[in-house]
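Sharing a structure with you now.
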């Protein structure tokens, strides 16, 4: 019974999202980028597989980001903003079930979109590969799909963040702002920490306090750069299954923590 | 057994910036029995919607208790057998009326066959059957209102809560809704609704509660209304007298 | 109706002016870009984090930008300013911070820095960086070794890197014997011909391939002429004084033109070279 209920909400969210008009723009943009990769590639010397993979993975990722920042936020924040949530909560859903149902619907949307885009970019790569087979010897389908998978894990986490932020803020714009800043911080925190650990930086930042703060922030913020395997995939550098398992675990655990916190906060929220 | 029981419920809103308190509902007690149609009337800001939102569990009372079918609104099961129409309903833009109703059925645990049958009957009743596969974005206010009524009724709940069911409806739509409510009563359903349109309330309610300034001033039974309603003393008069703004 | 017509007319007039401005602007912009050449790239401490998770595609974009810039410089058929050598080194260094496995970038930098600027030290610095990341790639030590042999005439280091290359997987068999052959032919164009042949074989970009092929052709002419000079010595006991002696004695029918537009000459040490220094005149 509960799964059926949740499934109904998931499908509702998916349908509402999949018909969002922004989706056409996002899809068209990334398809153009993929088609463009076939042309652009000829301007490079020999690492054509690298450039092809770079462009295609970037197109998939960029589409996912647009989808998360515009469509997902619409599905979550606007639902609360514009009281469409009343129609869901008048049904026997608890607040946590609402959060999970919504999240699953958004994930279903992202998985579908990425599935379609991955298929299209596979076609683009396959075509370029057949045109320039001499320059594709360093290419590996396996590593390409591993990078797509890791990117998907990143979107699991990012959308959990978006769901979390929409439960604590009262407007979709603030949710957007919070999500984008967290995304940027999450992508760069690793580099900042690495920089602070160098000798050079130690001379500039003498204060122990800053280091402690950065240390704490490092543990609170999601480290999103662990999901970025685009470069490795482009150069067909083998990523171990261990690593993939580790980032899978990280993404799932972090998302669950966020969603539980979102449920707890949302339970207390007044929907006037 | 009471279907809806409200015991000494109060609700204060605190404005976000000034931290100023405003009492929206003040010590209201009310019980609604099975197969009863209860109407709440009151001016804007009287606290009608606040009470309904507390019954639905959207907001929580500061003090007092609420029970729906013997369960508190915090328990999702309290809404298992309940249908709700929000004030100025607004639904998902990109869904069709049919999909919205299907969701309502599935979330309440109806099987597919029954759902399809009930959706068809209801859509025909409110005159939306031809538009069932149109996106809700294209609906006019009255159409949305009618779709919302279907959303509240499609899973055949025992308790129906309607917040301003007549708003945005043309006379024909209003007649359809009144017929629907009367039909519900005959089938032993409990209905709670609030409205500004006193004429409708008078016609269909078993009991009427008059709210003002957050408190429930008085509850009239149908007989009492009939008794006091005559040529110069209709429900409107009573209402204005009660809230003390009869000049 | 009339108002509508005036509006449409006005639209067309505006479009015409828009087009005129645009055309003018493109010319102005060309001058502007020429005067303010793209001689800077943000350091990787900024570009790295700023490219978020898109460092791969940003590196590709920078690579295109740099190559079109140098391509444009080369196409003007005039010797390029040496100040660009440092710019090329620095920008490729930043680019390879973004993508440390980007072989095209290393190779491009190597080709231009060695052949066009003669900055072998900078080229080798980048190649060493490549070696730290592309540990399995035999091409990296192979190219370093070549630079040592051919440009720096350092047989010891050259042989060391070539042996290192030969030990890596996928290294062609001839690499191990190449070291000895390279030192034997040290004062000849043969190694360079071999090396260029290798590169041309794996270059896709037709524009670049054409560049390499012209260089190869020039080297092959000089190689042939040098052989004839030695034949001259064998036959007449002395080296010729100038290349025209070869035609006079009938060893060569005629001295071919330098594809770069220079003239082939015989140096004091009896080596054949060209006045163009293999840079467009």
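Order as written gives the chain letters A, B and C; numbering starts at 1 within each chain.
What we mean here is this: a residue touches a chain if its C-beta (ideal position, glycine included) is under 8 Å from a C-beta of that chain, and two chains touch if they have at least 3 such contacts.
Predicted, not measured: the structure shown is a model, and the values here were computed from it.
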Q.
By the document's touch definition, which label belongs to this structure's chain graph: line, ring, star, complete, or other?
A. line
Q. Hey, which chain is the most central one here, using CA centres?
A. A
Q: Using mean C-alpha positions as chain centres, tell me how far subunit A is from subunit C in Å, no decimals.
A: 40
Q.
Between subunit B and subunit C, what distance separates the C-alpha centroids? Give it in angstrom.
A. 79
Q) Contact residues on subunit A for subunit C in the complex? A) 40, 42-48, 50-51, 53-55, 57-58, 61-62, 132, 134-135, 154, 184, 187-188, 191-192, 195, 224-225, 227-228, 230-231, 234-235, 237
Q: Would you pull the subunit A residues touching subunit B in the complex into a rising list?
A: 1, 4-5, 7-9, 11-12, 15-16, 19-20, 82-84, 86-94, 97, 270-272
Q: Can you check the complex and tell me which residues of subunit B touch subunit A?
A: 13, 53, 56-60, 76-80, 82-84, 86, 89-95, 99-100, 103-104, 106-109, 135, 148, 151-152
Q | subunit A-facing residues of subunit C, complex | A | 45, 48-49, 52-57, 59-60, 63-64, 67, 99, 101-104, 107-108, 202-205, 208
